[in-house]
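Sharing a structure with you now.
The letters A, B, C and D name the chains in turn, as written, and every chain counts its residues from 1.
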Amino acid sequence: MKSNIVAWLQEGNITIPTMLFSEYRNLNLNETELVLLLNIITFIEKGNEFPTPEELSARMTVSIADCHDMLRRLIQRGFIEIMDQYSNEGIRFEKYSVKPLWERLVDQFLLNSQVTRQLEQKTEET
Amino acid sequence: MKSNIVAWLQEGNITIPTMLFSEYRNLNLNETELVLLLNIITFIEKGNEFPTPEELSARMTVSIADCHDMLRRLIQRGFIEIMDQYSNEGIRFEKYSVKPLWERLVDQFLLNSQVTRQLEQKTEET
Amino acid sequence: MKSNIVAWLQEGNITIPTMLFSEYRNLNLNETELVLLLNIITFIEKGNEFPTPEELSARMTVSIADCHDMLRRLIQRGFIEIMDQYSNEGIRFEKYSVKPLWERLVDQFLLNSQVTRQLEQKTEET
Amino acid sequence: MKSNIVAWLQEGNITIPTMLFSEYRNLNLNETELVLLLNIITFIEKGNEFPTPEELSARMTVSIADCHDMLRRLIQRGFIEIMDQYSNEGIRFEKYSVKPLWERLVDQFLLNSQVTRQLEQKTEET
């Protein structure tokens, strides 16, 4: 009993900005793309920084070929990027970065704040 | 600049068990249903415990009618439930509970642990 | 077994910016004050927005009188503030806000970023 | 402005079971020990799995010698343990594990649940 709760606890959590859920649609992402991004974030947090289409497809209701296509389009549309890294031993490896996603989300957040402020000013003027 | 970061911080985060992302497919949920559940959890955390199909649809790429249908089916299939509550003033109101989802996820987790243990035993015996 | 994990899950988590742990000392907070603030945040997240010195002391190794003093000094020093609120029924109540803490933390973060940038410029010039 | 929010976001968060804040006193931990443990957890999450007393002291209001003593006593009292690990290149290194802390916390949680249940039974009998 105890060991099961400890095991559960060690599976861990993933923490996501609430805004991603209220704004993904405004970023022109659909639900499948959002879950693919959330899965990539989860893999990265667990130490696998370059999950393959096979690994992503295995936990999604999406075929390997479709995962591959979605990854390619998310890179082209500027939501994720592939970074070249070098290990301590000088071996080159690739990893995903979701920094572009956060930048898009912050852009959207700042746009929303600005619109809110403009609407408030208009209301005060009248 | 500063006020924007503070505003961002106050939007807050949502914390999700990692397992939900690796196991939703095994719970027979698809990506759209998963995101609907994540949106309900986000609304509840923000204090709106009974989001309407309209509110859910407004942030999803799913029509109001389809949100309504998905909610009905998620209740029928035992992932969410509607609870009756009474306010301090004795007024009855309804709210969603995602406790059934967590129960299903824990079932899946215990099943996985058991299978892992059985496989380890088999390996030791041979 | 299952019900225990579900009960554990429902106890929930609290999500804290990593920076608070690396910078509280630079904000002139000591460990006891930090834990008092973390306890206030935890109470607020659980729906008790104005925990008393008694409630805070009950889970700390600090007497009620000392909790009272620490709260007073944290307000004077601008880490927390007491807000007046009105319920739907027009009844006035008080609650704590930790927004001043986040503002201080963001100030510190921006200061750190600026110092880092200045050091990098100096390095490039030489 | 935007880059500052993205930088803030990338600093990340640490997620802690709410129970740790309500129960550390019952685990015979004081506030300084709790913050030391939280700092170790933060270092581990950031990829430094064996922070030194110097690194811990640098962000605390505790001297290096006192950090060293506290670490030693937390190991002796069974809250953290040092694990031997081997890298891919066969190099031995040490890291902290806070699994003992979670086990103690789960013990306390199960004890609380049991006491609550016994009190409920007593109330029903009378």
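Heads up, the rule we're going with is that a residue touches a chain if its C-beta (ideal position, glycine included) is under 8 Å from a C-beta of that chain, and two chains touch if they have at least 3 such contacts.
This one's a predicted model, so the numbers in the text were calculated from it and none came from an experiment.
Over half of the residue-numbered contact pairs at A-B are shared with one candidate from C-D, A-C or B-C, namely C-D.
Counting C-beta pairs in contact across B-D and across C-D gives the higher total for C-D. For this pair, subunit B with subunit D, the centres built from the Cα atoms lie 28 Å apart. Measuring from the averaged C-alpha position of subunit C to that of subunit D gives a distance of 18 Å. Multi-chain contact residues of subunit D (touching two or more other chains): 1, 4-5, 8-9, 13, 15, 17, 106, 109-110.
Residue ranges of subunit D in contact with subunit C, taken from their complex: 4, 7-8, 11-19, 21-25, 30-32, 34-35, 38-39, 42, 45-46, 59-62, 106, 109-110, 113. Remark: subunit A residues 1-2, 5-6, 9-10, 13, 15, 17, 89, 99, 102-103, 106-107, 109-110 touch subunit D in the complex.
Considering their complex, residues 1, 4-5, 8-9, 13, 15 of subunit C touch subunit A.
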